[in-house]
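Next up: the structures, one after another.
In the two complexes that follow, chain A is the common piece, with chain B as its partner first and chain C second.
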Partner chain A sequence: MGGMGAIFWREARLAWAGGGGPAGPAAFFLAAITLAPLAIGPDPDLLASAGPGLMAFAALLSVLQSAERLYGDDFVDGTLDLYALLPIGLPLLSLAKTLGQGVATLWPLPVIALLGGLMYGVPLVSSLMLAASLAAAIPALVLLAGFAGALAAGVRRSGLLIALIATPLMVPVLIFAAGAGRAGFEGDERALANLGLTAAISLGTIALAPFGIAGAIRSRLG
Partner chain B sequence: MLSYFSNPQRFDGLARRVIPVLGVVTIVLLAIGVWLAFFGSPPDYQQGETIRIMYVHVPAAYMAMALYAALAGASFVYFVWRHSLADAAAEVIAPIGAVFTVLALMTGSLWGKPMWGTWWEWDARMTSVLVLLLVYLGYMALRSALEDAQQAARAAAVLAMAGIVNLVIVKFSVDWWSSLHQPASVIRFDGPTIHSSQLWPLGVMALAYTTLAAWLVFYRLRSRTLIQKARQIERRKLRDARQAQGEPGELA
Partner chain C sequence: MTPFQPVSLAVEGLALSRGGLRLVGGLGFALKPGEALLLTGANGTGKTTLMRTLAGLVRPDEGRISCEEPVEEAVAWLGHSDGLKPGESLRMALRFWADIHGASRKTILPLMRKLDIEPLIDRPAGQLSRGQQRRAGLVRMALANRPVWLLDEPAGPLDGAGRERLADLVAWHRSRGGIVLAATHQTLDWPDAGHLALKAAA
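And now, the complex of A and B:
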C-alpha cells in the first residue's frame, strides 16, 4: 500500500509540476461550455434542457485531453519498464497512477459544472445532481482514458487514436452521468437511479480497468 | 488443431482447397436466397414490398455482431496461447466486420425511411450498432498505428477483449437511455411472428452471408500469408545482391 501511495502522490505532483495541474482541463471545460451556447443559440429553454448533457459531454472531452501524457511520457522515457518490475504489480500500480493524475487534474470539473449548470438556467438542485454525477463518473472516465492511453502509449500524435479508442468505452458512463442531470432537470425521480448507476459503473471500472491497463502496458513492453 | 495449422505451409494447403468450395457455396446460396427474397416470397401484409429489405439487412446485422464475436474469440486465443494464426485471423476479420456493420447501418436506414418515415432514429439498437462500428474503427486504427508487429498484435488483442465486455454494457445502457426518452412516433417493428414463407429466404440469406464472410476471411488470410512470403523472398534477394557486391549483409 505504501508503494501505491507513493505512485499516487508522484502522479499528482507531476500533474501540478509539468502540466499546470487542474488548469488545463478546467480551462478546456470552461471554454467548451462557453462556446456551446454560441453554437446552439441563446434560447433559455433550449440551453436549460441541453445543459446537463452538454456539460457531461464537455467533461468527457476534457478527460481525454490529459490521457496522452499519462502513459505516453512514462513509456518513452522507460519509467514503465521499471514499474513493471515493482513488486506491487501492474494492476494496482496503474490504478494508483491513473487515479493520482485524475484526482489532481480533474477535481474542478464538478465545481465548474455546478456553476455552468446555473448559468445555463438549470435549477440549483438539478445542477447539484449533475455535479455529483460528474464527480461519480470521473474515476471511470479517467481509467478508460488511461486504458486507451496505455494501448496507444508512445505513438506519435496519439491523442486522436486515444479519443477513437476511448469514446466507445465511455458510452455507458456518459449515458448515466448525463442522465442523472437530465432526469433531475425534468423532475424525474430516476435522477437518483442514474446517479447510482454512474457510481456503479465507476466502481466496476475501478475493479476491472486496472487489469486492462496492466495488459495494455505488458503488450506494449513486449 | 489450431497449432497444427499455425504452420503457414499447412494452412496454405488447407486454404487453397477451402476457398473455392466456400466461393461456390456462397454464390449458389446467394443466388437461391436472392431469388427467394425477390420472387419466391410474398410481400408482407403490413409492410408490403419493403419487407424484402429485411433479407439483406438482418443477415448483415447478424454478421456484424458474429464477426465481432469471432474477432474477440480469435484475440482471446492469441492472447492466451500466442497462436500467430489466431492473430492473423483477428487482423483480417476486423475490416470485414466493419464493412458488414456499415452495410447493416445503410440497409437499415433504407428500410427505416419507408417504414418509420426517417432515415435515422436515435433508437437503442441503431445507436449500439453505430458504437460497434466505432469499436471496429478503433481496433483497426490501433493496429495500424503501432509499428512493431508483435506489440500491435498484443495491444489489439487486449482492446478487442475489452470491447466485448463494453458492448454488452453499451447494449443495456443504451436500452435504458433510449427507454427514458423513447419518442412516441417510432413504430416498433414487432410485426407478426415471421411466417415460414419469410423465414426460408431469411435463413438462406443468413447462411449465404455466413459463408461469404468465411470465404472473405480465408481469402484474406491466404493473401496475407502470401504477402509475407513475398516480402521474405524480396528481403532475401536484396541481401544476396548486396553480398554479391561485397557489402555486409543486412541484419535479418
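And now, the complex of A and C:
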C-alpha cells in the first residue's frame, strides 16, 4: 500500500509539472460554460434551468480532453513497461496512477461548477448540490477515461478512439450528476438520491475499472 | 546496498513469435549467479521479444522460464526507452524509483557517481542528451536491487567512456552474484560473458 502512495504522488506531481496541471481541463470547462449562454440566448429562466445539465456535460468533455495523455505518454517513454514489472501489480498501480492524475488535474471542476451555477442564476443550494455531485463523479469519469486511454495507448489518433470508448461508459454518471443539480434546482427531493447514485457509480468504478485498465495495459504491452 | 538473494535462470524449449510470425524456436540456456550472456543477431531476429518474454511482459508460445523467485521480484529492466519523464528532475525520478523498490535513497548518489552523472542530478531529464539519459536509466535499473538484469541495447546511445562505465557496473553486479542478459549490436567487452546468436527462423 505504501507503493500506491508513492505512485499517487508521483503522478500528481508529474501532471502538475509536465502537463500544466489543472490549467487544461479548467480552461476548457470555463470556455464551454462561458460560450454556451451566447449560443442559448440571454433568457434567465432558460439559462438557470439548463445550467446544471450544461455544467455536467462540459465537465465530462473536459475530462475526455486530457485522457489521451493518461497512458499514451507512459507507453511511449517506457514507463508502462517499468510499472508493469513492479510487484504492486497493475490493478492497484493503475488505480493510484489514474486517481493521482485525476485529482491533480480536475480539482478545479467542482469549484468552477459552483461559480458557474451562480453565474447562470441557479440558486446557491442547487449550485452546491451540482458541485458536490461533480466532485463525486470525478473518480468515475477519470477512471473510465483512463480505461479508454489504456486501451488506446500507443495507437495513432488515440483521441478519437478514446472518445468513442469512453463516452457511452460515461452516460450514467452524466445522467445522475446532472440530475442532482437539476433536481436541486426544481426543488425536488430526489437531488440527494441522484448524488448518492453518482457516488455509488464512482465507488463501483473504483472497484472494477482498475482490473479493466490492467488488462488493457497488458494487452498493449504484450 | 543491501545484498539480494542470488538466483539462477534457466530457459528450455522457448518458442517466440511476434505478430503471428515465428521468430525463435527451441531456445534454451541456463545462467548461474554471476554469469552474463550477450544476445546478438540481426534486426528482427527476436532479441527484444526474447528480452520482453524473460521480463514477463510477453507470453512465450512454448517453453519454460524457470527462476527461484517470481519474475516480478527478480528482474530489473532497461528497455529501448529509459522510462524518464522530460519535466522531471533526475533527483525526483530516482527518489521515486528507490522508494517504490524499497531501496534506501542513500544509494542514489553512489550509483550516479559510478556512471559519472552526479552533477546532473537537478536537471530535468528532457534537457539531457540521449547518452546521459541512458546512464540515468542504468542508475534507475540498478536501484531496483534485483538479481537479474535484462538490458535491451544498453550501449546504443553511450559513448566510449559510457561503455566503460557500463562494463564496470555490470562487473560490479556480477561480483554480487547477479545475472546480466544484454541484447546488443555493439561489441561489448565483458570478461567471460557467454554469447548467443539468434538467427532468422526459416
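Rule of thumb we're sticking to: the second predicted complex is superposed on the first by the 222 of 222 C-alpha atoms of A that agree within 3 Å, B and C clash if a C-alpha of one lies under 4 Å from a C-alpha of the other, contacts with A are read in each partner's own complex, and residues count from 1 in each chain.
Note that a contact is a pair of C-beta atoms (placed from the backbone, for glycine too) under 8 Å apart; a residue touches a chain by one contact, two chains touch by 3 or more.
Values in this document were obtained by computation on a predicted structure and should not be read as measured data.
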| item | value |
| --- | --- |
| Contacts of A:124 with chain B and chain C, given as first, second, both or neither | neither |
| First (chain B), second (chain C), both or neither touched by A:190 | first |
| Touched partner set for A:14, first chain B, second chain C, both or neither | second |
| Which superposed partner A:31 touches (first chain B, second chain C, both, neither) | neither |
| Dominant contact partner of chain A by residue count, chain C or chain B | B |
| Touching partner for A:222 - first (chain B), second (chain C), both, neither | both |
| Partner chain(s) touched by A:82 [first = chain B, second = chain C, both, neither] | second |
| Chain B versus chain C as contact partner of A:23, first or second or both or neither | neither |
| First (chain B), second (chain C), both or neither touched by A:168 | first |
| Residues on chain A lying within both footprints (that of chain B and that of chain C) | 222 |
| Chain A residues touching chain C - in the complex, by the definition given at the top | 3, 6-7, 10, 13-14, 17-18, 73, 76-79, 81-82, 84-88, 221-222 |
| List of chain C residues in touch with chain A within their complex | 52, 55-59, 72-73, 75, 77, 79-88, 92, 96, 99-100, 140 |
| Interfacial residue positions of chain B with respect to chain A in the complex | 79, 131, 134-135, 137-138, 141-142, 145-146, 148, 150-151, 154-155, 157-159, 162-163, 165-166, 169-170, 172-174, 176-177, 180 |
| Chain A residues within the chain B interface of the complex | 147, 151-152, 155, 158, 161, 164-165, 167-169, 171-172, 175-176, 179, 183, 188, 190, 197, 201, 208, 212, 215-216, 218-220, 222 |
